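Each of the two complexes below includes subunit A, the first together with subunit B, the second together with subunit C.
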Partner chain A sequence: MTTRGGAATRHETGSAALLAFCLLLALAATVLAGISFGVSALPVARALHLLFVPDGSPDSALVWDVRLPRAMLATLVGANLAVAGVLIQTLTRNSLASPQTFGINAGASLVIVISLIAMPGLSAGGTVWPAFIGAAAVGLAMWALSVSGAMNEMKLALAGISIQLVLAALVQAILIANNAGQDIVYWLAGSINGAQWSKVWIILPFTLLGGGIALIAGRHFGVLALDETTGISLGQNARRVGGLAATLIVVLAGSAVAVSGPIGFIGLLVPHIVRRLAGNDQLTVIVLSAITGPLLLTAADLLGRVAAFPAETPVGIVTALIGAPAFVAILWRQRAK
Partner chain B sequence: MTSAALPSKSLRAASVCLAIAALIVIVAVLGMTIGAVTLSVGQVLDGIAGGKSAFIVMQYRAPRVIVSILAGASLGIAGAFLQGALRNPLASPDVVGITKWAGLGAFLAGLFAPPAWAVWAIPAGVIAGAVAGALVLLAIGRSFGGGIAALALVGVALGMLAQALMQYVMVLFPTRADQSMVWLAGSVYGSTMTDVVALSLWLIACLPFVLIATIRLDAGGFGDDTLTSLGISPGLLRGGLIVVSVLLCAGSVAAVGSMGFLGLLSPHAARLLVGPRARHMVPASALIGALTLSAADLIGRLVALPNEIPAGIVAAVIGGPYLIFLLMKEAGRHD
Partner chain C sequence: MSVFDTPLSRRQFGLLLSAGVAAAVPGIVLADNDKRTIKHELGTTEISGKPQRVVALEFSFVQALNAVDVVPVGITDDNQPKRIEQLLGKKIDYSSVGTRLEPNLELVAALTPDLIIADELRHSAIYEQLSAIAPTIVLNSWEGNYETIKSSVVTIADALGEKAKGEQALAAHEAVIAGLVAKIPAGEKRRFLLAVANPDSMSLHSSSSFTGSVFKAMGLTPAIDSSDAVESGAGIERLVAVNPDVFLVATDTGATVFDQWKSNAAFNNIAAVKAGMVFQVDRNQFSRFRGLTTAEMIAREILAKVYQAG
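The block that comes next holds the complex of A and B.
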């Protein structure tokens, strides 16, 4: 029995590693395609060459100053949102939870917009703190609704989406009142158009820190899926683990919103895709989500640049176009259970 | 006993409706005082009577106020019918995305039809969009069974899809983006007498169906088996209610875009004030819808002077928290 179980685990680990490798390859290919494609297209070979041997030519500047920072930003934001999505679904035991459907992204977005208008001198890096405050405030409200236990999964998700809709309406109202209507799509749907290295440096520490802690603590998050008594008898402190997960969700989602606006559906979809592919082992799901999130977001960004060429569709609109039907599909499967 | 109770209930309903109507008049007059030139209440009344400010009041301010009243009333009734037809307190056209699909239809029709046809193409687009949204929702919703939140969630997700589609079309045709923002957020800005006439004609055409549906609405609360045993076809009853609801919703979207949450809020408020009987609740719901939309427009014009916040955004800020409250209240019930 034990040997067979052990063999199965090893087999699963092996197939998860293979899956991770394939997903990484796909991510690399998408990033490379994203760097080659654009109004002035580069052959893939030349783009690849310039990546390793920058030669100071205009093409090299295009790759290094415009397209690479954008690809990096998409990768980091995708990883943040996906890992935050895994954690929030585990923490609330609700497979419809995500930074977006629980209003956390919109909370971050609203507080950033208010801060930017109240303090016009606020630097881009300074927006992460208001983002954390907004994300944490909505997160707390949703947590309070969630632990009261009165609502089932779908009602809780609907309540979260209602919060998101109200906060989004407030964002719109504030932007219109302050003659900043042109920023509406960015602060409602999210976008990485015009990404710069400065934004990459803003989010990178939070991705590394948040993602790193999530990986190290990954095994322990499994305890959140159990009831408290079982957790305690296994020597785990469910409350402390829950608090850690909640903090990570706020940091990962908040920093993503600070650099790219409230991009939706990545945090919702990626955990479902990954669980479908690789099963329910918590650590495996976190690792694979940290790869699948970037893959999905870079692919969506590429699609957004192709779909209305030469105009660019903000990536948040593309994720909504893909994500909304997928959300219906998730609800459909939910019903079957 | 019952014969004594009934008139008193009708009396109560009538007085509530009168009170709301009085509030609507006050909000409407206040709404007509605000604008590029501020008028006093006296000047507005004088203008309505044909005095010095007649041009500005009748040409610019009155149409806006009347359109917000008519559109709000249609949404209030549409919400009452859809909630009754589906026996789902969360199922109003604005929650389940039908208004968003209607807005998408209007936007696409305005974009692709030749300008000369716009008068017909846009209403046709609105109706096509609303019907498509309702059909997809019902087709998917049928298999979800009884859960009230499931249908609402599916509708919200479909609404998000319509919104993303509209934003995508905005990217494709950036010069038309302003227009699509109006369809998206809902606004009574720039309403003209033509809008008033068009919406009034539409509502008059719908009126007989609204009356029939109101008489039938009470039966909608029964289960399908009970209806059959009463000799009423449940499919016909619910289908009819849905059709009237979609038609009313289409009319309001054609006039003011996709307003959020009015259709959700009004029937609930009406039920609270005058009780659940359709012949009391439906008129009250219409009046509350009218009051909410005209008040939302008034607030939207006041809070951010000299800018205007579209009424749809104000309505979403008012109505969204109500949806959350409703979910908390309904938490234990209906599974």
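The block that comes next holds the complex of A and C.
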């Protein structure tokens, strides 16, 4: 029994590593495509060359100061949202949970919009703290609802979506009352069009810190996924681990919203895709999600740039168009169960 | 609930009242016979006499009214009275009736106007409600180019029973513009772009925007030739592709991408940036306001900034 279990784990680890490698290759290919493609397209070979040997030409500046930061931003935001999605689904034991469906993105957006209107001089970096406050407030409310046990999986998701709708309506009300708010509609749709190295530097520490802690603590989160009683009997302080997971969700999702606006469906779908591909081992799911999230977001961004060329479709609209049917499919499968 | 509670009946009451007054004063009866049919974007509207209580739902209408010396009783000033002061260069007495995007119909009705001037893009949907309050004409301001705005001045003057005054104002304006254009060196081939800087992207104004068509009227070449007035959500990538030779960036007081992009190598490759031909301009004047004096102001500012000529 033990040996067979061990063998199975080794086998799974091996296939997970292979899967991770393939996903990384796909991510690299998408990033390269993103760097080559734009209003003025570059041959892939030239883009690749400039990536390693910048020559100070206008093309080189385009690759290094516009397209690379954009690809990096998509990668970091994708990783943040996907890992936050894994954590929130584990923490609430709810497969419909995500930073979006639980209203956390909307909470961050609302407080950012209020801050931007109250302080028009607020820089991109200045929106991180408002984002954390909004994300934390909604996160806390949802967590309280979730641990109260008064609601089943579906009801909790509906409660989250209701909160999201209320917050989105408030944002709309603010935008209508204040014409200056019109200027941020692109950001509100979820967009990485305004990518800059400065924005990359804003989110990077949170991705490294949040992602790193999630990896180190991954095994503990796995135990959390079982249920509280089992966790306690295994000697785990469920409350403390839960608190840590909740903090990570707020930091990861909040910083993503601050730089790119509320991008939906990545946090919801990626954990499902990864679990289908690689099973339920928590650490594996976190690692693979941190690759699949960026892959999905860079691909969606590429699609958004091609769809209405030369105008750009905000990536948040692309993920919604792809994500909504996928969300329905998940609901359908659950109903079938 | 009395019948006088609805705006419509209040207006009818007002009409009854003025009819009574008119019957008593022969002069006004004569004015009442002076009926004009004003053609506008949503059809025609009959207007008699000289409307005195005008509500303007766009900035450009306020400027047109000013050209014929009429002070509107109500303006959708976006709750920012300072903008109206900037628009006219003086303080006027008026009531705010909400935002241009969402005019407050209760407030409009409460002013008992005798003429409402509305924007085609933003207010076509409430044309019926506005018409129930007072005779309403709908003109294209939001997407109006220079020619449209000029003809609107005459239309508005006609609606006010001051057509000759409107035509005079237009002729005087065209003389001013001609004088300014004469100062632009011959053979100017550079491509001009106006962009509004937002917190996350820029909105590029094409040849069919108001400012773009003012450029054309000045003999300048807009960098984007398009029938779509504004291209929003543009990043550095798009700006590099457009590559204007003279670049006017319209900003408000808030933080925008313009501050961030200044340190971007790709942005610094744009022809205008290399040539030192990037100028920050006021967003109200270059993008929000549209009108005769605004066009003169734009021409003066371009002369001062690009050609160091007054």
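Definition applied: the second predicted complex is superposed on the first by the 330 of 337 C-alpha atoms of A that agree within 3 Å, B and C clash if a C-alpha of one lies under 4 Å from a C-alpha of the other, contacts with A are read in each partner's own complex, and residues count from 1 in each chain.
We take it that a contact is a pair of C-beta atoms (placed from the backbone, for glycine too) under 8 Å apart; a residue touches a chain by one contact, two chains touch by 3 or more.
Here the structure is a predicted model, which means the values were calculated and not measured.
K.L.:
For the overlay on subunit A, clash or fit between subunit B and subunit C?
P.N.:
Pair status: clash.
K.L.:
Touch check for A:L110: first (subunit B), second (subunit C), both, or neither?
P.N.:
Neither: A:L110 stays clear of subunit B and subunit C.
K.L.:
Where does A:P58 make contact in the superposed view: on subunit B (first), on subunit C (second), on both, or on neither?
P.N.:
second
K.L.:
Which partner chains sit in contact with A:V241 here, subunit B, subunit C, both or neither? Use first/second/both/neither.
P.N.:
Touch status of A:V241: no partner.
K.L.:
Quick one: classify A:R67 as touching subunit B (first), subunit C (second), both or neither.
P.N.:
second
K.L.:
Touch test for A:D183: subunit B only (first), subunit C only (second), both, or neither?
P.N.:
After superposing on A, A:D183 lies in contact with subunit C but is clear of subunit B.
K.L.:
Report for A:L170: first if it touches subunit B alone, second if subunit C alone, otherwise both or neither.
P.N.:
In the superposition, A:L170 contacts subunit B only.
K.L.:
Figure out whether A:F327 sits in contact with subunit B (first) or subunit C (second), or with both, or with neither.
P.N.:
first
K.L.:
Could you let me know whether more residues of subunit A are touched by subunit B or by subunit C?
P.N.:
Comparing touch counts on subunit A for subunit B and subunit C gives B.
K.L.:
For A:K155, select first, second, both or neither according to whether it touches subunit B, subunit C, the two together, or no partner.
P.N.:
Touch status of A:K155: first partner only.
K.L.:
So in the superposed three-chain picture, is A:R335 touching just subunit B, just subunit C, both, or none of them (first/second/both/neither)?
P.N.:
So A:R335 only meets subunit B here.
K.L.:
Considering only the listed stretches 42-50, 150-158, 222-230 or 240-248 of subunit B, which one runs into subunit C in the superposition?
P.N.:
Looking at 42-50, 150-158, 222-230 or 240-248, the stretch of subunit B that collides with subunit C is 42-50.
K.L.:
Across the two complexes, what residues of subunit A are contacted by subunit B and by subunit C?
P.N.:
176-177, 179, 184, 311-312, 314
K.L.:
Give every residue of subunit C touching subunit A within the complex, in rising order.
P.N.:
78, 99-102, 198-201, 231-233, 235-238, 240-241, 252-255, 257, 260-261, 264-269
K.L.:
Inside the complex, what are the residues of subunit B that reach subunit A?
P.N.:
So the residues of subunit B in touch with subunit A come to 90, 140, 143-145, 147, 149-150, 152-154, 156-158, 160-161, 163-165, 167-168, 171-172, 174, 181, 185, 260, 300, 303-304, 307-310, 313-314, 316-317, 320-321, 323-324, 327-328, 330-332, 335.
K.L.:
Using the touch definition from the top, list the residues of subunit A that touch subunit B in their complex.
P.N.:
It is residues 96, 145, 150-152, 154-155, 157-159, 161-163, 165-166, 168-170, 172-173, 176-179, 181, 184-185, 189, 307-308, 311-314, 317-318, 320-321, 323-325, 327-328, 331-332, 335 of subunit A that touch subunit B.
K.L.:
Show which residues of subunit A lie in contact with subunit C when the two form their complex.
P.N.:
Residues in contact with subunit C: 38-40, 58, 61-62, 64-67, 116, 120-124, 176-177, 179-180, 183-184, 186-187, 191, 193-196, 198, 310-312, 314.
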